[in-house]
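The following pair of complexes shares a single chain, chain A, combined with chain B in the former and chain C in the latter.
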Partner chain A sequence: MNLAQGVQIVSFGLLTLMVIGASLGVVLLPNVVYAAFLLGGVFISMAGLYLLLNADFVAAAQVLIYVGAVNVLILFAIMLVNKREDFLPLKRGWIRKAATGMVCAGLFALLSTMVLTTSWNFSTGAIAGNDSIIVIAKHFFTDFLLPFELASVLLLMALVGAIILARREFIPEETDMPARDAALTLPERPRELMSVSSSSEFNR
Partner chain B sequence: MQLQYFLLLAAALFCIGIYGLVTSRNAVRVLMSIELMLNAVNLNLMAFSNFLDSEAIKGQVFTVFVITVAAAEAAVGLAIILAIYRNRDTVDMEQFNLLKW
Partner chain C sequence: MNPGIDLQETFIQSLVELGLPADLAKAIWMPLPMLLMIIGATVGVLVTVWLERKISAAAQQRIGPEFIGPLGVLAPVADGLKLVFKEDVVPAKADALLFTLGPVIVVIPVFLSYLIVPFGQNLVITDLGMGVFIWITLSSIAPIGLLMAGYASNNKYSLLGGLRAAAQSISYEIPLALSVLAIAMMSNSLSTIDIVQQQSGYGILGWNIWRQPVGFIIFWIAILAECERLPFDLPEAEEELVAGYQTEYAGMKFGLFYLGSYVNLVLSSLLFAVLYLGGWDFPVPINLLAGWVGISETNTILQVVTAALGITMTLLKAYFLVFLAVLMRWTVPRVRIDQLLDLGWKFLLPISLVNLLLTAALKISFPLAFGG
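Now for the complex of A and B:
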């Protein structure tokens, strides 16, 4: 084992600890704001793992898109639905958690036995390494051209759909309210809340 | 470095994501668990592309597509959560019974 392999193994261990610990924090912490910041930690550690796998372009894309866009979007959503509510404890809620934990442990055992017993045929060719972005661009514009264009259409559809779903409905005739109230409130149509309890009893 | 280490890490991350997806009450945390699972899939694709297909790295191309779809999914999902929050005034997953049956 030379020095480079030792450095790789040590950094892989550190990144594994960061990923597992931060993702457990995302799932288990009661405060959702801490969970969102730990999710950013998971994304950055995943970018480090991508660098260990000789993929610099995807690591940069991971940092840009996940940490820069998705995590900030989740933080904004948490701020917009900022309501301190204590969830009512469920009857027999521990059964659900125990059953889910057992299912997840069983799935992990199944996957790990599959991983460890399969004989992988490793490729012996040259690693793309620094030329990975050139190879990815060639794939994008030759044999993956149609999915590449469809991805752009999908992003446009998601943009329009998110704006339409999250838009507030303004009422123009209510904007001539007194100035003191208008400074403090957003002009939004008052809508009655659905009765949650009656409809949930209907479904029970 | 071995392929199996990365695959085991991805399996652990996927199982943690499933646990959070099923047991969490806050709707935003459900979306965060989905992001964890998508990241586990990405790690699988990247590991396979590095160790089994190191010349024509098609796994990285798929990872870029998955990142794109995850960004679109996060935007639309959070918009849906905002719309539900405006109508129902809660983000508790146990009190949503629309879109269920």
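Now for the complex of A and C:
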């Protein structure tokens, strides 16, 4: 065993410990803010694992998307509604916890049998190394074109949905609307015409 | 193209000749450039702080630091020493763990980004294929630290400052990444070395600033916002938020924020120089000059001179940009938070998308000039 291999094994062990420890913290800590910060730790350690697998682009994308965007948005949401209230202990709360624990244990058993029974084929191709972006791009535009395009359509849909949700203007004083009309709609101010609203914005 | 000086090869080879195994020799080599880069970055911060003091003094018709060393060059050192010896206060109702971790998370990614800053053909810690993407990735971690600091301080100003910092950093990351993408498209690579290589050969005329006139303005605005410099220093706006997320910090923890923000400014200027101003390139191609004088390309002295000139040029370009940023700080008023977000999302984002599209179109139609 040479120096490089030793470093790899030690860092693999450390990263695994970090992933397991941090994710247990995410699930078990009662403080939501701690859990959110630890989630960032989980994502970063996963990026480290990807790096050990020679997948540098995946690792960087993991950090950029999950830590830089998803986790920051989660933290943002938590801090904007920063109420710091103590949750009341639920009556028979242990039933929920036991059920959750059982579901998790079942999932773990299922996944580990899957991991153990699958015969993994290791790729025999050369390691892409610094050219990994080029290899990934070739795959995206040849044999994985359809999933790639579908993912982008999905993102576009999410984008449009977010804009529609954000443009909705609630009117809190008129909440006592007739219930049968409003059963499936959210209370909403009548939308102005596009040209009128945009010109009034310029005038402000 | 001759590779110039390769210190790493020479160092490892000489250690191997001494009888050490090759991987041990490489392991001995590895910390050296990292240490050098960290020291360089820190010294760069001291120079920037001194510049900030002197230029702000000049902008306000004062003299600035004068007696601490010649021309006051030791003033930033005195600042640093003061911060080191100050009492390290953690507010009573603050969350001590997160309070300590916040500045650390802000500083580490910034220093880590120096991994990809090149000062010459082989004068870089590693030539990663990911290159500038690593920088964008790492700079996206910083808002977590800012949010952490803002939350843990248990102070409304701090929380607001942290939230503003995170919102600002997320908003301006997108135009930043898109303008870098346009450069990457022209260079056919993300590696900083390749990006500079692609600009070299024609001296000042080949620099990307001429081919990306819109891109470099977007990039400049975006890095000013990412570094929280005026006109975008809303997270620490003194008149509104005391000092934003730094309000409760004292001593070396505050020092880390201070250091981080200046290291980030120098780093961004260095990368601006690499992406748009030809990196270590001299305004006149050196090979051409050497050809005129009649020195061969493999001459040892020429190579040493080229390497030294490369470092000097990179630093000169970067510090010119730092100078511009400092000058802006003392001349431009601060924008409001809604103006900031409007500028980011409604103006810079569409413009940078159009810029990317135009670059792609130009690359297809004029492959010679736009790196086909």
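Simple rule for what comes next: the second predicted complex is superposed on the first by the 142 of 204 C-alpha atoms of A that agree within 3 Å, B and C clash if a C-alpha of one lies under 4 Å from a C-alpha of the other, contacts with A are read in each partner's own complex, and residues count from 1 in each chain.
As a working rule, a residue touches a chain if its C-beta (ideal position, glycine included) is under 8 Å from a C-beta of that chain, and two chains touch if they have at least 3 such contacts.
Keep in mind that what you see is a predicted model, and the values were worked out from it rather than measured.
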Task: Partner touching more residues of chain A, whether chain B or chain C - done: B
- [ ] State whether A:F57 touches chain B only (first), chain C only (second), both chains, or neither.
- [x] both
Task: First, second, both or neither for A:S119, with chain B first and chain C second - done: neither
Open item on the list: Under the stated touch criterion, which partner chain does A:S132 make contact with: chain B (first), chain C (second), both, or neither?
Closed with: both
Task: Which superposed partner A:L80 touches (first chain B, second chain C, both, neither) - done: both
TODO: Applying the touch criterion given at the start, work out whether A:F140 contacts chain B, chain C, both or neither, answering first, second, both or neither.
DONE: first
TODO: Quick one: classify A:F37 as touching chain B (first), chain C (second), both or neither.
DONE: second
TODO: Using the superposition on chain A described above, determine whether A:V67 touches chain B (first), chain C (second), both, or neither.
DONE: second
- [ ] Share the list of chain A residues that count as touching for chain B in one structure and for chain C in the other.
- [x] 57, 61, 69, 73, 76, 80, 132
TODO: In the complex, go through chain A and note every residue touching chain B.
DONE: 5, 8-9, 12, 16, 19-20, 23-24, 26-27, 32, 35-36, 39, 42-43, 46, 49-50, 52-55, 57-58, 61-62, 65-66, 69-70, 73-74, 76-78, 80-81, 83, 85, 87-88, 90, 96-97, 100-101, 103-105, 107-108, 111-112, 115-116, 120-123, 125-128, 132, 135-136, 139-140, 144, 147, 151, 154-155, 157-159, 161-163, 165-166, 191, 193-194, 196, 199-200, 203
Task: Interfacial residue positions of chain B with respect to chain A in the complex - done: 1, 3-9, 11-20, 22-26, 28-29, 31-33, 35-36, 39, 42-43, 46-47, 49-58, 60-61, 63-65, 67-76, 78-83, 85-92, 94-95, 97, 100-101
Open item on the list: Taking the touch rule as given, give the residues of chain A at its contact with chain C in the complex, in rising order.
Closed with: 2-4, 33, 37, 40, 44, 56-57, 60-61, 63-64, 67-69, 71-73, 75-76, 79-80, 82, 129-133
Task: chain A contact footprint on chain C (complex, rising order) - done: 23-24, 27, 98, 127-130, 133-134, 136-138, 140-141, 143-144, 147-148, 150-151, 159, 162-163, 166-167, 170, 173, 190-191
